[in-house]
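Quick heads-up: structures coming right below.
Consider the two complexes below, in which subunit A is the common component and subunit B and subunit C are the respective partners.
Our next item is the complex of A and B:
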C-alpha cells in the first residue's frame, strides 16, 4: 500500500467509526431526517444551523446547536452536510479548518445537473478538498452507515449489532435498500457508503478501505463507473484474492460512441469489458439487488459445497418435478441415492401419494401424518449420510399454517432443521415458496433468519445462487495458480 | 523503442498499417504469420507465386481499404500462373471500382495455409481499463454470434487459459467430428505474447489477427490488421 493510501485509510477510519458527528443544515423541510437518524448514535451529535426558525425543532430533538462547525468544542470525526449548494465551499473550508475525519455531502445540484453553477461549485469543493486532503464523500449521496455504533442515514435502518458485510454504492437508494432488504435476510452490515458524484473519494478508495477493514469479510458494490480503471482493477484483484467481492454494474446497456476499425474494437463494449474485469479479478458478478442479497447470505451462512450433486426434498408432486428441472438447468446433478438409503426410507416413508427417489416428494400431507418431526429428521439424516449427495435442498411450503401459526407444530420442525444445519457438514438450502401468502412466507423466512438459516423465495433464485457459489469456489481454486 | 514499421507509418501519417506491415510487426513480436510479399504488377505476382509454391492467396494492399474481402480484394486457392494473373487484374479492378480514391500499393502474395480451426485474437483500448485482448472463433462465430472473451492487459497464463475455455464454441477447439484439435497451450502462448507486445507498444490503437489457423502442433496468423494511434 502506498503512503498516500495509508493516510487515506487512517482518516477514513475516523469517519467510518466516529465518536462525534455534526449535521450541518438539517431542517424541518427534511423532517430533520439526519438528526432523527442519529438518535441511535452512540457518540456526540451536534447540529450546525443558523436559521432561527429551525432552532426550536432542533432543541426539541435534544440536540445542541452551534452557529458554525468551528464553534463546536472538541473534535468532530464526521460531518453530514445538507446545506444549499451555494454554501458548500464554505462548509468544506470549515471542515478543513476543524480537521474533521470526513464529510458526507447530502447536498446535490452539482455537476449531475449539468448547469454552469453546479459544475463550478463542484469544481470548487473538489479543488479545496483535494488540496487539503479532506475526505469528501459525495456530493449527492447519503454517506456512511455503521450500524454497530448507530451511525445511520435513515431511521428505517437497523442498529446496535455488529456485522461483517461492507457495501459500497454510487447510489444512495441502493445503499439504503441493500441495508434494509439485506437485514430481512440476516445480512448484517459492518460499514456501508454511498458516494454519489465521487469528486474526491471514489469506489476504489472505499474498496481499499473495506479490503483492509478487519470487521468486513464480504464486500458488495454497486458501480456505474470508475474514475481510474487501472487503479480500480489492481485494487479489486488484490482485495478479491482475500475476501469475496460482489459487483453489480449499473448502466450496462449504455451505447458507447466508439469509432473502431477492427472486429475487436466493435465488440469491446463497456459491458463485456466489465465482465472481463470482474472475472479476471476473481470477483462475483451480480445483476440486481436480489442476486446481491442471495449470494451474500449464502456466502455468510451456507457451508461451501464439495460438489454439484443435490438431494431435493419438495412438498408436492408438481413441485418435485419443477425443482428437479430448475436445479438441473442450473447445472446441478440430481443423482439417485444409494440402495441402503432407499432401504431405510422404505421402513418409515408411508406418505400417501408421496415418493422418495430424488427428489423426495413428501406431499403437504407431511404435517398431518403421525410423526412429522421424526420423519423429517430421518429424511434429512439419510441425505446427510448418503455419499451420492453434496448439498441438501428443502422446500417449505408455508400454506401449511402450522409452520407459522401453530407454535406446537412449527417450532419442533424448525428445531429439526436447525439441528441438521448445525450438525451436518453438507450445505442446507431452504426454499420458502410463497404460493398462497407472501405474509406467511415472510413470517417463516424471519423465523429461519432468527435461527441463522437463510432461505430463498423460489427455486430459481436458490439454484442460481448455488451455481454461482460453485463457480466462485472453482474460480478461487483456479486463482491460486498462475 | 518502437519498431521501424511504426516509426515509418507515423512519419507518413498513415495510422492504418497494410497487411504486409502488420504481419512484419507481428513477426517481430514472435507471433507466427504466413509471410506476405508485395507484388506491384501482374508479372511480379506470377513470379512470386511460383517462388512461394501453389496454391497461393492474393489480397489487395491499400492503406485505405480495411475490409478487403468486402471489396472483392481477396482471392483464395489460386493453383497456377494463369489463375494468379487473372486474379491480380480482377482484384485491382474491383478495388478501383469500389474505392475510387484508395491508394493502391499492389497485391500481396502468400502461401495458402492448410486448413485448421479458425480463431481470432485482437486488441482494442477501453476508455477506463486501457488495452483489452479478445479471443474467439473466427468467421461466423465472431461476426454473427459474437462468441468472444475479453481480458485486461497484461494477462497471466490463467487469464489466457480461462478466456479460451470461456467461449461457447470451445468444444470445436477440442476437435469436433474428427477435425484436428487445436493446441490450446500454443493459443495461450500466443495470447501471452500478444499481451506482452501491446503492453509495451502503446502506439497501437487496435489490432486484429483474423483468422489465425490453429492446428494440433501450432498456429499461424494468415491475416493481420494493425491500426496506430493518430498523432496529435
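Our next item is the complex of A and C:
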C-alpha cells in the first residue's frame, strides 16, 4: 500500500468509527431520513441547516442544529451532506477547514446527468477534496454503515451487533438491500459503504480499507466501473489472497453500461475483461444480490466442501427426482452409497412409499412414522460415515406433519439437525422449500438462522452455491500449492 | 383419436366430473386425508373400510361407511384407493364389477420398489384393469382434482371456482404444489391429475383428455417417462397445435433418471430426444415449478408480445442498471426512445436523482414527488405511444413511500397500472421486488392478482418468461404461415 493509500485508510477508519457525525441539509421532504437513521448512533449527532422552516422538525428529533459545520464545538469525524448540488463546493470547503474524517455526499445531479452544470460542479468538488486530501465519499451515494455503533443510512438497518462481512457498493440501493436481506440470512456486516460517482475515493480505496480491517473476514462488492484498473487489479489480487472477495459487476451488457453512465457516470468496460480479472485474482464472480447473499452465507456457515459428491435427502418422490436433476445439472455428483450403508438403511427404512438409493425419498421413513427423529438421526449418521459422500443436502418441507404439527414435534427435528451440524466434518446444506406456505417456510428459515444454520429457499440456489463454494475452495488449495 | 382412446376420454370425463366418490381404506394414520379433502365435494361421498377401529373416526366425519364397494347403493363414478398393496387386486376387481368411471390408487409399493412382490402385484392390477377397460390411475399417485366441484386431494387446495388450466403430473407433490402455488399467482385449474406409475393410463391419455376438454385452454405437464413414445408424439403435436402445452421433464440427468426409477418406475430417456420432441411439436420446455407457474401465468394474463424491445422502469439507479443487464442477458433489446418521447419526459422528469433514457430510474419522478400518480401515468403513456417499444416492464419496490405510506397513496398507483393494462395493446410486466420486506411484497403481489395483473418476484424470472413468451408467439406465427 502506498503512503497516500495508508493515509486514506487511516482517515477512513476515523470516518467508519466516528464519535461525532454531522448531517448537513436534512429536511422534511426527505422525512429527515438521515437524522432518524442516526437515532441509533452511539456518539454525538449534529444537524447543519439554515432553512428556518426545517428547524422545528429538527428540534423535535432532539438534535442540536448549527448554521454551519464550523460552528460545531469539537471535532466532527464524519459528515453526511444532503444539500442542493450548487451548495456542494461550499460544504467541501467547510469539511476541509473543519478537518473532518470524511464526508459522504447524498447530493446527486453531477456528471451522471451529463449536463454542463453537473459536470462543472463535480469537477469543482473533486479538485477541492483531492488537493486537500479530504476523504470525499460519493457524491450520489448513501455513504457509510457501521452496525456496531449504530451508524446507518436507513432506519430499516440492524444495529448493535458485531459483524464480519464488509460490503462495498457503487449503488445505494444495493448497499441497503444487501444489509437488510443479508441480515435475514444470518449475514452480519462489519462495515459497508455506498460510493456513487467515486470522484475522490473509488472501490480500490474501500477494498484497501476492508482488506486491512481486522473485523472484516469476507468482502462483497457491487461495482459499475473503476477509474484506475491497474491499481484495482493489484489491490484485488492482494486482498483476495487473504480474504474471500465476491464481485458483482453492474453494466455487463451494452444496454446495462448505458444505465451505469446515467446512474453513477461509470464508463463501460468489457465484461470479458472483468471475468478474466476476477478469475486471475482468485475472487468470486456473482451475478445478482441473491447469489451474493447465498455465497457469503455459505462461506460463513457451511464447512468447506472437499469434493462434489452429494447425498440428497428429499421429502417426497417428486422432490427427490427434481433435487437430483438440479444438483447434477450444477455439476455435482449423486453417487450410490456403500453396501454397509444400504444394510443399515434397510433395517428401518421402508421402500413402500419411499426410497434410499441416493437421492432419498423419505416419505415412508419420516413423514409417515410415529418417531421421525430417530430415523432422521440415523439417516444423517449414515451419510456422515459413508465415504462416498462429501456433503449432505437435506430438504425440509415445512407443511407436512411432523414439521408443523406442533412445536413439540418440530423442535426435536431442528435439534437433530443442529447436533449433526456441530459434530459432522461434512458440509450440511438445508433447503427449506416454500411448499404450500411461504410464511411457514420463512418461519422455519428464521428458526434455523437463530441456530446458526442459514438455509436456502430452493434447490437451484443451493446447488449453484455449493458448486461455487467447492470451486472456490478447490482454487484456493491449488493456489496455496503453487 | 382411436376408438379406444375415445372410450378412455369418455370414461375419464365421468371420473373427472363425478356425482359420487368412494374412498377405500382411508384411516387415522393418514389423518383421514382423503375424506377430509372431500369435505368440499358437491356430490355423494362414501367410505369403504373394514377395520372396526377406523369406523368411529369415519362416522365422526359424517361419512357413511360400507364394508365393500359393491354394497354402495347406486353408481360410483370415481374411487380413491388407499389400501395396503396386497389388497389392490381385490379392489380392482370390485371396481370392474361395480362399473366405476375410474379409480385412483394412492397405494404404493409396486414396481418402483424393484421387489418381486411389488412387480407381481403391479402386473396383476395392470392385467385386470386393461382386460376390463377400467380407467386405473396410478398406482402411487394422488389422482384427480376438479376444483369446480370440490374434488380434491388435499384440504390446502382451493375449490368452488372455474379454471382454464389443465395439469398432468406424474408426481403427486408437483400436482399439489402447482395447484397451490399457481393459485397464489392467479392460475385457476380446470382439472389436474397425478398418475404415478402409469400402468394403465399414461400421460398421453390425459393429454388426449385435456386436449378435448373445452374448459382447458392451457396444459402443463410434469413427466418422468412415457410408455408409447410414438403415440405421445402424435398426440402432443396435435394438441400443441391448438393449445399451449408446457412440459417439465423429471429425470433429465443420469442420476435424476435413477431417481425416477425409484419414484414411479419410469425408465430413462435421453434428454436430447425430449428436447427435440418438445420443439418439433411446438410445445414449451420448462425446467422447474417456478418456470411452469411463470409461463402459464404469462400466457393467461400478459398480452402476446410482438417483439423483444422492452421499456424498463426501475425504482432506483442501482435497480435500473441491474434490470437492464438481466433483460439484455435474456436476449431482450433495451432501445432508446424516440426524440418526441424524450421531449415529453423532459417536461416533468428531473434528471437530478433520476434518469429516463431507457432504463428509467424514477427516483426523482416518482419517489421524491408529491403527486407520483400523474408522473407514472405520463411515463406509461409515453411508453405506450413510443414505436420503439414492444413491451413495458415496471418495477414496484413496495417499501419506499409512496407505495406503502398508506392505503390512500398506494391504491391510486395500482389503479393507474390497472387502467394502463386495460387500455394499452402492449404487454405490461410488473415486477414486485422483495426489497426490505417479503411480507409487504407478497401483499402487493396479492393485490395485483386480485386486479388480474399477476406480477413477478424478481427481474430474472420476469425476463426469462417474457423471452420465452416472445419465442412461443413467434414460433406459433411461423407455424401458421407454413
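The rule is simple: the second predicted complex is superposed on the first by the 453 of 482 C-alpha atoms of A that agree within 3 Å, B and C clash if a C-alpha of one lies under 4 Å from a C-alpha of the other, contacts with A are read in each partner's own complex, and residues count from 1 in each chain.
We take it that contacts are C-beta pairs under 8 Å (C-beta built on N, C-alpha and C of every residue); 3 or more make two chains touch, one makes a residue touch a chain.
Here the structure is a predicted model, which means the values were calculated and not measured.
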Touching partner for A:304 - first (subunit B), second (subunit C), both, neither: neither
Which of subunit B and subunit C A:233 touches, first, second, both or neither: first
Touching partner for A:71 - first (subunit B), second (subunit C), both, neither: neither
Which of subunit B and subunit C A:225 touches, first, second, both or neither: first
Partner chain in contact with A:264 - subunit B first, subunit C second, else both or neither: both
Which superposed partner A:331 touches (first subunit B, second subunit C, both, neither): neither
First, second, both or neither for A:479, with subunit B first and subunit C second: first
Winner by number of subunit A residues touched, once subunit B and subunit C are compared: C
Which superposed partner A:273 touches (first subunit B, second subunit C, both, neither): first
First, second, both or neither for A:133, with subunit B first and subunit C second: neither
On subunit A, the residue positions that both subunit B and subunit C contact, one per complex: 256, 260, 262-264
Residues of subunit A touching subunit B in the complex: 225-226, 229-230, 232-233, 256, 260-265, 267-268, 270, 272-273, 275-277, 279-280, 478-479, 481-482
Touching residues on subunit B, where the partner in the complex is subunit A: 16, 66, 120, 122-124, 126-130, 132, 134, 142-143, 146, 148-152, 156-159, 162-163, 166, 206-208, 210, 225, 227
Subunit A partner contacts - residues on subunit C that touch it in the complex: 29, 31, 85, 108-109, 112-113, 115, 118, 140, 156, 169-174, 176-177, 180-181, 222, 224, 250-256, 258-260, 262-264, 288-290, 316-322, 324-329, 333-334, 351-353, 355, 357, 359, 361, 368, 399, 401, 434-436, 438-439, 442, 458-460
